[in-house]
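Here's the structure we're looking at; comments come further down.
Chains: A, B, C and D, in written order; residue numbering restarts at 1 for each.
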């Protein structure tokens, strides 16, 4: 087994794991963090598939922008909960 | 488009166009609405007159228009169609006059007359349909256009009547549609033709054709009020009197009966239908309906309901005549189509007059009404005697030919049915006449709306139509043998129908 | 919490579906049609040197046109849902060091964006990526309190949001009027594509930034 | 302006963007003007296809499989005609509607423009991936329109709709990816000769995934769960557009794919699709009979009527009857449903209530609208002389020709069920109004557009010959 194949398999496993954890975890904040991790892993995967264009877009939009928005939403949810009597 | 193509369309348009305009009219334009109604009715009569003269001289009037590849709307004004067209056009005029008087001052008259005109258009379409597809189009249109009239009053009772009416007629329509599409698949898009067009299919299809016949008759039987499909008719009597008079006594039930005529004579062909053993069961169904309807009528105290059950019974005379294998039965059936219409509309007009003038709705409230309303009661009496079959009234002529037809067809049991029916007719009409003329009134009328004034027992618009139609019932009987009588016309049709196969 | 049984069932279903997919993929014969060869053969007429850009803006430029429409539509959806809002609240400014960093980084990111756009003609990059970097710069500025969130966009902002798409449409329409939709004449292809991409970069950057700036809670009316 | 095909896509994109630039609530006149042109273009295309057969437009001048082709044949010409013919009166209606209900939907015009562009592009696409893009365009615009009302209920319905639409798109996209993996192309024209019944397993899976995705978007039973809240809850012009057009788009795609490219695989699913259609008719009608809200009733009726479209699949045959039935049903239902939602909008505006009970007495107050509702009902019931009647006639004939009796019973029974729920409304309308009821005046243009649409759905039944001839036109 070559090193690159091992890396690919590891990457695939990590992708599946992060996706599953993001779905299954009950804590929203953790789920969002896992989602961002998933996005970054996906960026790596695109890069490994020799598609740098898509890797770039995934990093910027999939992980960055979406992640920031989700974090913001979690924050808003938290503040609303705190504000409630 | 030639003139001969345009005339049938003009007959349709003469009620459709006024109807559509009337829908758009505001409630307050009473004069214009009345003018449109009368103009339409008179124009239709003129057109029908032209058609009658032409058909008697052997002209062909027809119009075709393809709606889908292989599917055509066909209109054909042949002798049979004109029998029904003439009847409806004449009675439409009288009913319109009556309705104008009847609905004076009540709300939603634009809507009423709009749908009323649509109903007449649908009836004309049914009469002039040249193939089953066209027939079905107008048959369903008639259902839709009558519903708003049945529920016109907007009371919960009217709603219930309307729902029952719809359930029956739409169900019947579904059966009819199945049968028609089935035939379309077997025989293609064929026009109605003397002697039918199905006998060419060959013996392999006999079973299917019998089944289709059952579907078609069941579908038509709902409107023709064949027992046990008649349940809607008495309940639809919640409608205003002109609706009961023209539509439920004449147009709707006749549409069903007329469909049976077309199916037996011009789709299957009477000889082919006989060879498939279809006619005897039809005759039995009709006989059962005749007797059952009369029996039920005996026990109704509500005048309109009694008349409704009487309709159930009387319309089946037409079906019975069709099922009698031979030209005399055919004549009896066709002439009864006209005679029953004239007599029954008279009875309903009179019933409406009693209700509108005196508030009398029940037989038991009619004591002494003959003295208060002699003209109306005279018309009622003529029509009732006609229904019983007393010579020389119109009803006698129909029953005479039906009896002769039964003997010709070798079905003497039909004579017994006719006799029993006449007895029953007498049993439910004579008590009414007795109350009208020979009992005296003690106390006031239930609800006297229109007082007697200046020798007139009720408003002239309500009085004239029944008098005219009663006179017609008398004339059709007395002058039956003259030319241009309904009987003469029925003979002409029977000649043409049977010419195609009889030696 | 999902009951255990349901969870197992879902996992089993997903696993068997994935298994079926893998088996089916391994079973695949070589594709009948070989498009990369066709792309290679027509590169010269495409007006650009990078095959991905050639496919995105030329060979399948129509898909891209519609996709830009989808992005604008997404923004429209957000605008429609967020409804009428009062002027956005000012964001609490971040610490001076962070703001300093942001002020420094933002122009740099714009520069990177322009470079990505320019480079798209010959190597990976292009309007989408450039727009994404621009949007990231805007988000950064917003998070440090320099750029306020958006309320309802005014006329000038609406024009800028739509400009890229409108330029694309105008080019497509002009080309359609003289022949086929988006059929560039080879001589002007490079120039037209660059024009389209430049417009797209600005508008896509704004659209992506807008998705954040409209939805971010700082622009919200909750308080 | 030679080729109507590409202009039919560009034009709505232009006015949609233009309306966005103009700002919230504006762009109605722009849209109506452009829609007039679009109607003319669709008519021109229909006439040309009828005369010369189908045509393709190679976008970018490359031609498939390297580039993308737009293709117009009889089926797409008919659908394009329907889309423009629906959009124009609905635009007139919407203009009056939003003038009455001032700020409810702020970006209606740009969203509607994108929706129409997506629909036109979908009817013209001849490329599996391009179809995905058009599906996204249509789906997102539709979700946006549902959400744009802005109330919590509408946003919730939109979110549910969004998930269904996205899941459908993703399933479809996965299928497209598998097809590309198997054949190396996504052009329908190139694929058609390659796909046969001995296709590799991946192609069968792909077909199944795409079908499932499209069924989700069409909301055929049991995937209908998202439709009633979305269509029933949206503002009336939006409901009309969605029910009349949007669900037809994904149905069109299923039909198109199972007629051309996937014909060798489609037979396997035909009976199942037919059975789902039958279930949809029964279930949708039943729910329509139970609901107390006018617009929910109309929305459930859409669920039921979609069932008829799926009855087409088991009956597809070279005789073309079933295809004609499908085309006729799509058009007739489109017109009738648009009319019905438009009429429901007027009724709700006039009575100020959204329940059936609140309708008592409207027969005397807004008779034209009630008449429109009734006419549309005639089409849905399949009573003559409507287009719906011809569709049912053709369906029954096709079923009888193939000796498949069960479908006949479904069609007939479905018509009776439709009658039952339509007359629930009409009955209520004929009741006497309670003394305390108030009626608001309604703009005439709203009443008339509803009526025109309804009348068109009925009169269609008198003139189907040209449409059927157009439908029978294949690709050149």
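Keep in mind that, in the parts below, contacts are C-beta pairs under 8 Å (C-beta built on N, C-alpha and C of every residue); 3 or more make two chains touch, one makes a residue touch a chain.
Computed from a predicted model, the values in this text were never measured in an experiment.
> Strictly by the touch rule at the top, which chains does chain B share as contacts with chain C?
Neighbours common to chain B and chain C are D.
> Taking each chain's centre as the average of its Cα atoms, which chain lies closest to the overall Cα centroid?
Ranked by how close its C-alpha centre lies to the overall one, first comes D.
> In whole angstrom, what separates the CA-based centres of chain B and chain D?
43
> Measure off the straight-line distance from the CA centroid of chain C to the CA centroid of chain D, and report it in whole Å.
The mean C-alpha positions of chain C and chain D differ by 30 Å.
> Take the average of all CA coordinates in chain A, do the same for chain C, and state the distance between these two points in whole angstrom.
19
> Find the geometric centre of each of chain A and chain D from their Cα atoms only, then give the gap between the two centres in Å, rounded to an integer.
Roughly 38 Å, centre to centre.
> If you look at chain C, which of its residues touch at least two other chains?
Residues of chain C never touch two or more of the other chains.
> Hunt down the residues of chain D that sit against at least two other chains at once, touch-wise.
none
> Based on which chains are in contact, what kind of graph results: line, ring, star, complete or other?
line
> Where do chains touch, given as pairs?
Result of the pairwise touch check is A-C, B-D, C-D.
> Which bits of chain D are touching chain B when the two form their complex?
Contact set of chain D toward chain B: 324, 363-364, 367, 371, 378, 381, 383-385, 389-390, 392-394, 396-397, 400-401, 408, 412, 415-416, 419, 423, 426-427, 430-432, 461-465, 468-469.
> Within the complex, which stretch of chain C touches chain A?
These residues of chain C touch chain A: 1, 52, 116, 124-126, 128-129, 132-133, 135-136, 139, 143, 208, 211-212, 215-217, 220, 222.
> Which residues of chain D touch chain C once you look at their complex with the stated criterion?
Result: residues 1, 3, 6-7, 9-10, 13-14, 17, 20-21, 23-24, 57-62, 65-68, 70, 103, 105-107, 110-111, 114, 117-118, 121, 129-130, 133-134, 136-137, 140-141, 143-145, 147-148, 150, 155, 158, 178, 180-185, 190, 194, 200-202, 205 of chain D touch chain C.
> Which residues of chain A touch chain C once you look at their complex with the stated criterion?
Interface residues on chain A, with respect to chain C: 26, 52-53, 56-57, 60-61, 64-65, 68-69, 72-73, 75-76, 79-80.
> In the complex of these two chains, what residues of chain B are touching chain D?
For chain B paired with chain D, touching residues are 23, 65-69, 71, 73, 107-108, 111, 136-138, 140-141, 143-144, 147-148, 151-152, 154-156, 159, 162-163, 166, 170-171, 173-174, 177-178, 181-182, 184-185.
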